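Per-chain residue numbering starts at 1, and chain names A, B, C and D are given in the order in which the chains are listed.
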Amino acid sequence: MIQRYNSVLILIGLYLVLAVISPLFFRMQNLVNIFMQSSITAIVALGLSLPILTGGIDLSVSSTAALAGAISAGLIVRSGWSVFSAIGLALLIGIGIGALIGLLVVLGRLPPFVASLSLMAVGRGLTLIYTEGKPISGLPAGYIALGSGSSGSIPNLVILLLILTFMTHVLLSRTRYGHHIYAIGGSADVARLAGIPVGRITISVYALSGFAAAFSGVLLTARLWSAQPTAGTGLELEAIAAVVIGGNSLMGGYGNAFGPVIGALIMGGIGNGLNLLKIPSYIQQVVRGLVLIVAVMADFRSHRNNAAAI
Amino acid sequence: MIDRGSLAIVFAARMRRSGLLLAFLALCVVLSILSNRFLTLPNALNILRQSSINGIIAAGMTLVILTAGIDLSVGSVLALSSVITAQLLVSGLPPLMAFFSGLFVGALLGLFNGILVTLFSLPPFVATLGTMTFARGLALSFTQGKPITGLPESFRVLGTGFVGPIPVPVIIVLAVFLIGMFFLNLTSQGEQLYALGNNPVAARFTGILVKLYIIVVYSVAGVLAALAGQILIARLDSAQPVMGMGYELDAIAAVVVGGSNFNGGSGGLAGTLIGVLFIVVINNGLNLLNIPSFWGQVVKGVVIAMALLFNRVSVQERKIDRESV
Amino acid sequence: MATITLRGISKAFPGVRALKRIDLSFWPGEVHAVVGENGAGKSTLMKILAGDYRKDSGEIQLFGRVEELGSPRGAQQMGIGMIHQELTLLPNRSIAENIMLGREPGLGLVNRKLMIQTARDNLKQLGLELNPMAMVSFLPIAVRQLVEIVKALSLNAKILILDEPTSSLTETETRILLDMIKTLRERDMTLIYISHRLEEVFEIADRITVLRDGQLIATKSINETNPSEVVKMMVGRELGDIYNRVATPKDEILLEIDKLGGKNFRDCSLVLHRSEILGIYGLVGAGRTEFARALFGLDPVISGKVKIEGKQIERLSIRAAIARGLVYVPEDRKTQGLFLELSVRKNLTINMLDSLSYWGLLSFRRLAEVASGLIERLKIRPPELFKRIRHLSGGNQQKVVIAKWLSVQPKILVLDEPTRGIDVGSKAEIYALIDKLATEGVGVIIISSELPEILGISDRILVMKAGEMVGEFQREDATQDGIMHLAAGAES
Amino acid sequence: MKRLLVLLFVLGSISGVLFARGDLEGTVYGLSISTLNNPFFVTLKEGAEAKASELGVSLIIVDSQDDPAKEAVNMEDLIQQGVDAILVNPTDADAIVPSIMKANAAAIPVLTIDRGAAGGEIVAHIASDNVAGGRMAAEFLVEAIGGSGKLVELEGIAGTSAARDRGEGFNAVVGAVPGIEVVARQTANFNRAEGLSVFENILQAQPEINGVFAHNDEMILGAIEAAKAAGNTGIVFVGFDAIDDAIVAVEDGSLAATVAQQPDMIGALGVETAYKYLMGETVSANIPVDLALVR
């Protein structure tokens, strides 16, 4: 059980160190900032953690986010749709892209890596075509409030992240569906023998990942007050890193809903700390790479002992 | 001592990838119908030359994926080794020494990856993601974000020279693949590499030095990424810290399109070579047909997915009768 | 009324006729053993019953009604439970989650309390006091097997198919299981029992069905038959004593181990002579496997000395062991011994690649010759060089694992559970091979939890308990009771 | 646990060393740059740094790596540190608006450099005009090939403002000249290696090309290498940005012209304007920096 808390320990340790060396770090506003800054990566990572739990992967999240942001913004600004229905359609498109990856994986038997890589290219292309390469701005206040507003002193983004984390936690640990996701990641054959509809669930986790990606795309658009055709570039690697740093296994079958969020907060904290410490951007990349390695090293030690014991 | 029988066996095994080969040939036929410029000798050489960078990287990536690993750092390794080589060249080091120094940097970074993966048991994805980030940062801070230009002519032969009608990079990439295929298919080390990719535990029980092999494989991937970088800077006459971004995905795509799978132990360089050519030909076709860049990505994604599906269907049929017995 | 009646069940795979018109009935309250060599069609028949395969023709009646089983799920719902030969538990999930997999209580949301309680009740029915929240990966293999059985029983199955349920259990654990099977028979369940261990079959089965080459040879009441008749029906010929020992130990000492200590074992000493077959018996957890692994250099050694042919080995390592002619055949052939996706040829020759290279190049002709030689020598079936090893039967896979070491001309062969889960014909062949190797001067250490095997094959038997060597028997003095007494340890 | 301690130690020592040279005294300006992976912006940054040390103020430089989301994070971190002014070189005119409004709310003056912002309160905008630059390049190119012929346009990263504006200016001019035909329009992502391979491919498809315009110098330099390798002479190449390599190429004649912005000047003017503003001087809202054609 100890390794479950390993990433939490790393998170706390990291934040303490940063607090010691930068007086600005532990200000309430700064901590809220970190939460807010990490929330979009965290939401993508939450969704992405589902295919990863089944032993798959989804690289298309970055372009799905961009496409969903662009379409929701475009429908409102260009076609006069209501905020609600525009976002609804964008989320549906995200689900559709995810489901398509799932179909390619399940029926086409393509490796998830390539299936989602292909759709990543397609999604990026469609975004550029739809936006004609230009950002879409002029969004109504209701839309913008999603990503930029706050309720009381807590930013909406943080509230949404907490809700989604809680929902994912319940989904994974309390629902039959969640149990079946773990089962598929542990062994698809075992799951099949237990009468679990492996194909359908596999398709659905990609759909959920697409949904989370689309939702984060909408939030990103709301945060930036405009839909960017190049939004989310590199988001997939960041989200995967968050999932792994949080202690979930890339091989599937092991992990929980808090891991991806903690992973995102660790990375967000590092980025924020490096900025507050005024570390030059090139050096930041060096430090970030090394910290990633060290953090995962600390986390994986316990896993390894487990594996050796068997 | 290579007898004809063994070559025939090797060839037969390679032909299992024929589904992909067919898809590739189909793509070429379609392109030559759509553009009369496609099927010309200069364009063929052109395609081969453009395949050289991704080809060399993908060759290393194939080895890594054979061991059930992955190397995301190749693009950054390429950049860091290239800027160091360029700096050495500009400061007057003899080209040959600069060249080998660059390869050495690649080997060191690969070695680092290999050690993280084996001795520290890090998942290859994370270990190489870390290297990818920090090596890029090193390349940027080494150059302060600026290109290094003005490489000596004798070095540039590596990228721009010809042997007869054939560009030097084409010769290098073919040499890399020939040596690699030779090694993988005809030597004991190659066969052991497949074995350890298929089941590292059993390989260890058999006395194969699994960790050493894996470290060597990552180092080779690093050297090859550096070699690709040397060719690239020789062609461009300049080294930039931002070179090679996204090359890891291109290389992985080529390897996977070429039929290797992430579980390790299956696939090979022949497939990768077709995979590399496949992707270059798509890009070449998009340019020849002057397809607007927005649509280019859509076409690329769809074509790759279709090719894989096609390949999967043709493999599937054979797989059924083998598995059910 | 019969619980299941099979009429004319046939099944063919491309190129192979796996089952030919099987007619068979199973009754409530009976333990019905199905035996046959690997490839005889037992697994195919059971998979059809479990809904895993579809039959090509024939009909299945359940409680008198003709049913289509459709899927594993369908079979489960009709009351057919199956325990597979390979463990089907998820390592990273709790016992409760595994037992209740696919049937988690509650609508949408899982009622965890109920799930854990149900799991606990199910465990209790088998007399197991396990924490239902414990992760399966932390359980010993034997306990996992018991959980597996609990899982199947908890399905309220009327019919339970047990496919080699005892293959990884120790004697004691096997007893628990067999007692449980007897209890279930009292409850009028139909138990279909597949095993290679005829002594178990004769202990608990009421009727016995023999399959060979996809055909039903006979179904007999247990009182009407005897083990040697069953073996004869299985292999289709008379199969004399399967432990036919010819080799006799020489005086020359091959291996001398002095107070070796490591993880889970300590102060283990032994001597192995040329041409000797030394059995090591111990219950699961006695440290037998750990001892063998350390000897082969797989795990670190804390103390002790090892001499091979009089020369002390300074640092134990796999390569040092192989160089001195000590080789190890691990207990789990699929995960530790075989390259499942590679061909028979590649598996067989993995140890001799370097010696069959000329100027760095492999000679495929020589490799094929050597592999063909081994295939012939060990009667590996089918005799195809390029078949993927995954598609061979367990017995033939095991032969490959042993065969690959023969090429390095081993002097000392350590075999860990060499016949687990393989059929009697292959067993006999492996015993004959071991004896032949001993005749040629190889010293063999055989680790096994099957007492008849240890008694039948060994010249000398060492007993391990709690990490220590607690006793030694010569072939003549060894008895089941004597060994069990030491291994189970009445005094502790 | 031991690993964790190691991690803490590593982090502590890295940041301890770097923190030791931090200086909170004096006026501090934040400089948010769209990307430091491009020499143009590196030069801009250096111009700003030089001016800052001349004026005795300190600069905190953050790099958005062309990612608006990262930019938003960086801007928040700058605001959090309570800088006296923020100079921002936005990744995108629209996406920067919320960040600027946050700075406004925190009463931190904001200046935009090189690229503008679509909203928020801006003290001053210091930039050269990309659309005008595109026009300038087109006019030169049309004249250089004698008023008619076949042109190729190498586009920047699709969706970026630089690619958009330069393309817009260029196409506005060439579209109006009847004898001019743009035979290929392909993206090479502002990247020299891609400029090389994309132009190689275009050379295969188009036997006759009179001139090439690329949205930046990196791509045009790649294209020149491609033409050299193919032995293709007589093509007029025009780039954009006037980076050092391009100037060398103009001098040796392989590049006909490049549109010179003065990034160091833009950076320096930015810092200077902020300084003046904080000293209480009035500054004009729009400070143009001259463009020039280097030929």
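Criterion: a contact is a pair of C-beta atoms (placed from the backbone, for glycine too) under 8 Å apart; a residue touches a chain by one contact, two chains touch by 3 or more.
Values in this document were obtained by computation on a predicted structure and should not be read as measured data.
Peer 1: Report which interface contains more C-beta contacts, comparing B-D against A-C.
Peer 2: Ranking B-D and A-C by C-beta contacts puts B-D first.
Peer 1: Calculate how many whole Å lie between the centre of chain A and the centre of chain D, each centre taken as the average of the chain's C-alpha atoms.
Peer 2: The separation of the two C-alpha centroids amounts to 30 Å.
Peer 1: Provide the C-alpha centroid distance between chain C and chain D, rounded to the nearest whole angstrom.
Peer 2: Using C-alpha averages as centres, the distance is 68 Å.
Peer 1: Centre to centre, by mean C-alpha position, how many angstrom separate chain A and chain C?
Peer 2: It comes to 44 Å between the two C-alpha centres.
Peer 1: Mind pulling the chain A residues that touch 2 or more other chains?
Peer 2: 128, 133, 280-284, 287, 290, 297
Peer 1: By the touch rule stated above, which residues of chain D touch at least two different other chains?
Peer 2: 36, 158
Peer 1: Which positions in chain B are in touch with at least two other chains?
Peer 2: 140, 144-145, 293-294, 296
Peer 1: What is the complete set of touching chain pairs?
Peer 2: Pairs flagged as touching, ordered by label: A-B, A-C, A-D, B-C, B-D.
Peer 1: Mind pulling up the chain C residues that touch chain A in the complex?
Peer 2: 52, 71-73, 76, 82, 84, 88-93, 97, 101-104, 106, 108-110, 112, 137-138
Peer 1: Considering the complex alone, what residue numbers of chain A touch chain B?
Peer 2: Those residues of chain A that touch chain B are 59, 104, 108-111, 113-115, 117-126, 128-129, 132-133, 237, 240-241, 244-245, 250, 280-290, 292-293, 296-297, 300, 304.
Peer 1: In the complex, go through chain B and note every residue touching chain C.
Peer 2: 1-3, 5-6, 9-10, 186-188, 191-192, 194-195, 198-199, 201-209, 265-266, 320-325
Peer 1: Please give the residue numbers of chain B that touch chain D in the complex, ascending.
Peer 2: Going through chain B, the ones touching chain D are 35, 37-38, 40, 42-43, 46, 49-50, 53, 140, 144-147, 149-150, 160, 167, 232, 235-238, 240-243, 283-284, 286-290, 292-294, 296.
Peer 1: So in the complex, the part of chain B that touches chain A is made up of which residues?
Peer 2: The touching residues are 72, 116, 120-123, 125-127, 129-138, 140-141, 144-145, 249, 252-253, 256-257, 261-262, 293-302, 304-305, 308-309, 312, 316.
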